[in-house]
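One structure, pasted below without further comment.
Residue numbering begins at 1 within each chain, and the chains themselves are lettered A, B, C and D in the order written.
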């Protein structure tokens, strides 16, 4: 059984079909890439999976169970956590507080602990902060814990966003263009990070425009264009697929969708 | 049946005034994403200014189109200037501040204008003379409609048609539409955003001034604190229509006027506000951005 | 999470000053002091919804009023001693907050603002029209029993003042807990980026409703105090202008404990001090509001972040 | 960092400064609790100006008991909460008597405080609940709603023999209180009420309610409420071609009513105690003359004069008893009979109600003046 399976998933905006009968299967512990030209519907596909925009047709199966249309927080609680193409952090807050949001659904606190703490909820609070500390150390940004995140460099913000996702102990981590805006050394670091996340047993699904990165990093790739899958396979096979080459000609440059 | 049509006329008259005032809210909102809570008080102020213009320069003139036009022109200019000052003093320094700080600034400006009116013109009610316009009333099959009601309806419709033409068909209108979508991009395209904002305040407050003068001419008694009441309903009208949307404000104003007339006429005057606002909330639950407001999907 | 020494001194001095205030003040200022405490509590409760949750609630007087009226009706119509009515006067507004927020919570910014104004106006009309014959109509309900607690008569202005202090301290305690809990953080997250918060597993809709429920409950408690202080409730104390006051308190003061206290001081106590200016005072006050926002757009004492546990700090 | 300290310093400074008010009694202190700003600013300022005029006149003659009168005004803004604070403020200033407030609600919100402090209070509030608490400090200088309601119902049913009556009120306590009293009295006399509705003060557009009334074909529209709304109701009634007679209650008695109703004021009616310019007493004529001389305007309404009468009675009592002990003053005030007031003879019932209602019905004339039509003057 695949970890995540999309069956004929379709999403329309008005007359435009952003995602058109998309099928794919992400296996446990894979690093799975989705590539395609601008406007191909990659981010929309992610939005459908994570419940931001429920698909009109088709199904999203998670560990064999249908979760189509589940709201984002429920999807996250099942273990599917994402990052965003345009970084979305809580800019006024500190790095540690940002990452702490990832512990939200793992925390055992109930709503009324917000009014009155109990010894158990205080303990829980401390345990979660320690997890955050661990995650910051993993990303080597623990020295920035108290800094307001909005004032930090782009590369650091990417790390904070990934730390936030990872600290929630996801089963599937969805990365939307994680290398966008990073320089070469930061990209190298990213590759290392993604491998070590995978080695912790986390499955990874990513969109990326940086072809070299995708080809070295992923185990399996689906190429989509105009919302439709046009090819899938291991990186080597994709690289030589004439349909893929054609789709990419003339539309490779900017990375906005 | 005459009662039904009478209520329709009642509703359309007050609805036109709501619509004129609502346009001021919606235009400013469209450009600055700001609820200009001081707008209602500018409306009240315009009635006082209009009355002073009449007293100073036209004392005793009756049934005169020239007198009325003079009042409108002079008041329009003065209130538009007040609108420009309001924007400079209370809103421009806050343009890059969090949205809500401008709301508080607007509330402060509302206090300033309201109490300023009281300090200048006194706390007592002031009165427009009854005979600036002919007091003719027509009885059409049991439906009574007065000359001033006709004037309010016709002039409001003409102004609104003109406004739509201006926004949709002229270069300046295009610049306004562009600015309402994106200040920075408009600036890059060579639009002077500050001038557009000033222009919006001029047009918006001018429309409010027309509304305020209609209030003075029709109801005749004007009070320093009447701005809040008209402001609130006009703001509600703008929200019903979809704030930021110009035809929406017109539709919202007219609908609100008619709602209020029919609720008082056919449901209950005792519970008029309760019904009006329950209906408003119901509209928002079903259409979260008003009747003609665009549904914005967040880009991810 | 240790407080800095200055802050500790600040809070200690403030609490001492609050406790000693009745010895200095004459009856008029004692009454204003009590109302200041009550409005501060309401300000803090509005802060949960508006400041932390970022929801434009301009109808907060509604919950304040439901609390006051619940206590007054319980006392006047059903003869329940007013202090025993407190749990009811917290629960009923909280439930109203939850029920009313439910259908409108998805509205964005200004649409939510107008919907909450709408609720406030509907409520006012209900009490003014003496619904079910228990709200006393436009006059309100006068002559409530004075509360007694363990045999002590709490009718004196000083006793009422200290009751206010106790409730304010209780509210401080709740706010401090909220700040250090996942529920409190969730409100900050969803204010700053609803979608990101939702995607990281926070039930944003649920927490928004939670904020309304909690804010409404605390406002209801403050409402009981108001009913006790004046031995009366009357509709105009809960009208839309009052909601505007609470809204402004949070924004002028800033979303923090000292901010709300300062906001209440500026918005409520200052106009009382400048009563001698009579007709000029609101004119000047309006300018002061504009100036305050230009100088401190985020409020006098805005919310501060970076409050992280000590073990994060190096060294 | 030590912002808390700064906040506190600010607090303490203000309160320390305000705590120091003197209590020496070399003057006779009189309080005015009136809405000098807000919705009723007009009436509130009238009361304040009137009180100050009287105090000035008496002080010029050497004061009372050799002491000067000192006036303290507190603006209650027409709201109950501010009224409660005002009451505490005035008591704190050491006043022995308070004039006001204008609205029943504010008078009622302040009542208990004055009673506990033993401070005399005189108000024009007409709400019947004001005298139901049994406070010995309370003296109403106007006539209660119940008296006006009895008069109105009797006049409508027994004198004018109206068959279809429409009653309109606003949402204020005065208006709904009087409106429901009139309704009850009319029903007692077997009258037929065809419509009852409420309008919102300040809304200005009352055509929907009037159109609804039109569909009920009443022969009379009775409005218990304030002059602003009355004027608009009357003019909109006529513009809509509703031919019923129009009656306003006491609070409609204000020159602004005529300005608002314009030419339509003619032929409408008013039920009230005599208004300033119709008062036959020399006292009234002189007071109006002095008021105009000082303030270059007329007092806003009869309510100013009623409050002044309350004040004059207080001062008279001080003069007669030679004391400022409020308990003794109250006892004396209950014994006075036909004390000549600006608004007619004054005496009080034990509950603090002014007795001897003098309600009359007036018809507005084309020139804006009022003509008494009932009781018929011989």
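Criterion: a contact is a pair of C-beta atoms (placed from the backbone, for glycine too) under 8 Å apart; a residue touches a chain by one contact, two chains touch by 3 or more.
Since the model is a prediction, treat every value here as computed from it, not as a measurement.
The minimal number of chain-to-chain contact steps leading from chain A to chain D is 2. A comparison of C-alpha centroids places C closest to the centre of the full protein. Between the Cα centres of chain B and chain D there is a gap of 35 Å.
Chain centres here are Cα averages; for chain A and chain B they lie 48 Å apart. Averaged Cα coordinates give chain B a centre that lies 33 Å from the centre of chain C. Along chain D, residues 37, 41, 198 each make contact with two or more other chains. In chain C, 125, 129, 195, 279, 282 are the positions where the chain touches two or more neighbouring chains simultaneously.
The multi-chain contact residues of chain A, meaning those touching 2 or more other chains, are 52, 84. Remark: chain D residues 37-39, 41-42, 45, 197-200, 202-205, 207-209, 211-212, 214-215, 228, 231-232, 235, 239-241, 256, 259-260, 262-263, 300 touch chain B in the complex.
Those residues of chain A lying in contact with chain C across their complex are 50, 52, 71-73, 76-77, 81-82, 84, 88-94, 96-97, 100-105, 107, 109, 111, 113-117, 121, 125-126, 128-130, 133, 136, 142-143, 145-148, 164-165, 168. Looking at the complex, you find that chain B touches chain C at residues 29, 35, 89-90, 93-94, 97-105, 107-116, 118-119, 123, 232, 235-236, 239, 243, 270-271, 273-274, 277-278, 280-281, 284-285, 288-290, 298, 300.
Chain C meets chain D in the complex at residues 4, 6-7, 9-11, 13-14, 17, 21, 24-33, 35, 125, 128-129, 137-140, 142-143, 157, 230-232, 234, 236-237, 258, 261-262, 265, 269, 272-273, 275, 278-279, 282, 301. On chain C, the positions that touch chain A within their shared complex are 174, 177-178, 180-186, 188-189, 192-193, 195-204, 210, 214, 303, 305-309, 311-314.
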